[in-house]
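One structure coming up, written as structure tokens, with questions to follow.
Order as written gives the chain letters A, B and C; numbering starts at 1 within each chain.
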Amino acid sequence: MTDESTPNPSVRAALEAVLLVVDEPVAEVVLAQVVERPTEEVAGLLRELAAEYDAGGRGFELRCVAGGWRLYTRADCAAYVERFVRDGQQARLTQAALETLAVVAYRQPVSRSRIAAIRGVNVDAVMRTLVGRGMVTEVGTEPATGAILYGTTSVFLERLGLSALEELPPLRDYLPDHFALDDDDVVAAG
Amino acid sequence: MTDESTPNPSVRAALEAVLLVVDEPVAEVVLAQVVERPTEEVAGLLRELAAEYDAGGRGFELRCVAGGWRLYTRADCAAYVERFVRDGQQARLTQAALETLAVVAYRQPVSRSRIAAIRGVNVDAVMRTLVGRGMVTEVGTEPATGAILYGTTSVFLERLGLSALEELPPLRDYLPDHFALDDDDVVAAG
Amino acid sequence: MAGPLGYRRRVPPVEPAAPAAAGGDASADFTTDPSTETGGFHVHLDVFEGPFDLLLGLIAKKQLDVTLVALAQVTDEFIAHIRSHGDDWNLDQASSFLVIAATLLDLKVARLLPSAEVEDDEDLALLEARDLLFARLLQYRAYKQLAALFDRRLGEEAGRHPRVVPMEPAFAELLPDVLFTVTPEQFAALAARAMMPRPRPTVALDHLHAPKVSVREQAVLLAERLRSAGAATFRGLCADADATIVVVARFLALLDLYREGAVSFDQVTPLGELHVRWVAPDDFDLTDAVIDLTDPTEEGSPDD
């Protein structure tokens, strides 16, 4: 597929791939930068894709809202999505969400970048989920950087069956003896 | 499109819609419940969808990993996607960690001392790395000795793109035909 | 003795361009070391992870198949490798290498003496050891090849990113309450795992199946005895030691006390009776001294 005369398929695929992972609408100009193509070309491809999904009767659609493009579930599939969501399948937090929540619980108030450093992965989407589920909330900003700081909520305590944060079992009981875990260590290592 | 004799398109669309909102692999049986179709039919549709995305050169793919289905970006779009998700540079596993992981995968549940016997070296530090990265976890203790037994996790399956442990190639394919000793003999002696 | 040794692999999680690991390619490990800081043979060998790794490397280097014959042929080089390390071994590593070296020597001897017949149980045991070594090597090679497969797959998979996107607002409202299926204790364990720093080089002692004995505690014990008795023989001081490790710990404790100027030694003939005398000043504060005592069974390496 190195035929330079027909690069469109691969630009199209690149756009699809990026659209799959973005969690908020992305402007055409940003997408154009990412795939290194003129904005007009990208805009045309996005419209083509959207039309293709519509014509193909796909369960998802590509829409331009608030100046950006994002994948959405198709409206006439809503009943299924709702059932899936209500079914309790989503009531459990994913492993990634649980681990991130655990870091927030023990390190609060803490910024996203610090959590990301500790976990070694980007946590933006997971944090949005946790905030959305009412388990985590913004509790202030870091004076030096202005970064938003997060902490756990009373809903979190309630769900875990605790009356106060102090009731969380001490972390050191769960670390191997030789991990003298202090904050700086953790952050530095992350 | 209310033709009841060809409901497949809409079941397919429903599956696509649900797959768009899942944040971890979803089992066929769960999807079947949501769309109210027999599991076999849903399994067939999922495979069709996956093949269709592949054939269409889409930027995403549908894969069955860790026992469930989930949408992923296509590997050859990684360069573009990674401009968006600077997902923590997943540090590569060392040779020692890879070998240890291989032993755990094929010998689970297995104790550290047994792994050490197979590899001919102490594996404690390496096991900590693997546990810390969520690839390996404690799964029990050996009744006779009280030694902790380890096994692989669903993270391991996901990272390797396997849907189940059974998909691992058989160990015996990597041993000479005349390898007469059975595995337990070799290990026990170690 | 120099600190923890070279052999105990540099532990950083990121391996510089992990060499292709299939058995046949193991020579890559041997001939090219990516980070030759000090240069020389010694450093090259440090990339080997254990005796099996080394054996496979030597066999591959000679372009031999893995057979009993090949094993016999690389015996000399294997032993040369052990020699080349000189004092730079830790006990754990050295013992595993030596066991295999001994078996290899048997194997070589058996080949040099083709007429050798199996005569007694000892010979049989040798044969068994030899076959076992061979089997274990083949087994190790299998895992090494699978490790290469894992590496490849992990690399391929790293380019695929799963969709992780928060629910569309319309659906998010429908989400049932989060259901915690973990207890606070499990939650804490999860936090510990999530926050565990990258492992640092440590000398693990889990493989020592002897109970842990604290040199510190033994020092306190010996000091009490010597303070009241004035002098004693080492044999006498160890009369109640129920395990070799306790004897070793007491010996180390005595060395520490000697360093602190609390005891003196007297040995009339080499390997003869060791007399220990309490010479500490009256105001000698054991607790002060003891705090500084090295305690290899808890923190250091066993061969320090």
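Quick note on the criterion: a residue touches a chain if its C-beta (ideal position, glycine included) is under 8 Å from a C-beta of that chain, and two chains touch if they have at least 3 such contacts.
Just so you know, these numbers come straight off a predicted model, no measurement behind them.
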{"item": "Identifier of the chain whose CA centre is least distant from the whole-structure CA centre", "value": "B"}
{"item": "Maximum centroid distance from subunit B, chain identifier (CA atoms)", "value": "C"}
{"item": "Highest-count interface - the chain pair sharing the most C-beta contacts", "value": "B-C"}
{"item": "Whole-Å gap separating subunit A and subunit B, where each centre is the average of the chain's CA atoms", "value": "22"}
{"item": "Computed distance of Cα centres, subunit C from subunit A, in Å", "value": "42"}
{"item": "Subunit B-subunit C separation of Cα centroids, rounded to whole Å", "value": "31"}
{"item": "Multi-partner residues of subunit A (at least 2 other chains)", "value": "17, 20-22, 72-73, 78, 81, 85, 119, 129"}
{"item": "Residues of subunit C engaged with two or more neighbouring chains", "value": "161, 163-165, 167-168, 171, 193, 196, 198, 202"}
{"item": "Contact footprint of subunit C on subunit B as seen in their complex", "value": "20-23, 60-61, 63, 70-76, 78, 81-82, 85, 87, 90-99, 101-103, 105-106, 112-113, 116, 118-122, 124-125, 128-129, 131-132, 134, 158-162, 168-169, 171, 174-176, 179, 181, 183, 185-187, 189-190"}
{"item": "List of subunit C residues in touch with subunit A within their complex", "value": "161, 163-168, 170-172, 174-182, 184-185, 187-198, 202"}
{"item": "Residues on subunit C engaged by subunit B in the complex (per definition of touch)", "value": "9, 11-15, 18-19, 21, 49-53, 92-93, 96, 100, 131-132, 135-136, 138-151, 153-165, 167-168, 171, 193, 196, 198-199, 201-202, 204, 206-207"}
{"item": "Subunit B - residues contacting subunit A, complex", "value": "1, 9-10, 12-24, 26, 30, 33-35, 57-60, 71-74, 76-77, 80-81, 83-88, 90-91, 128, 134, 154-155"}
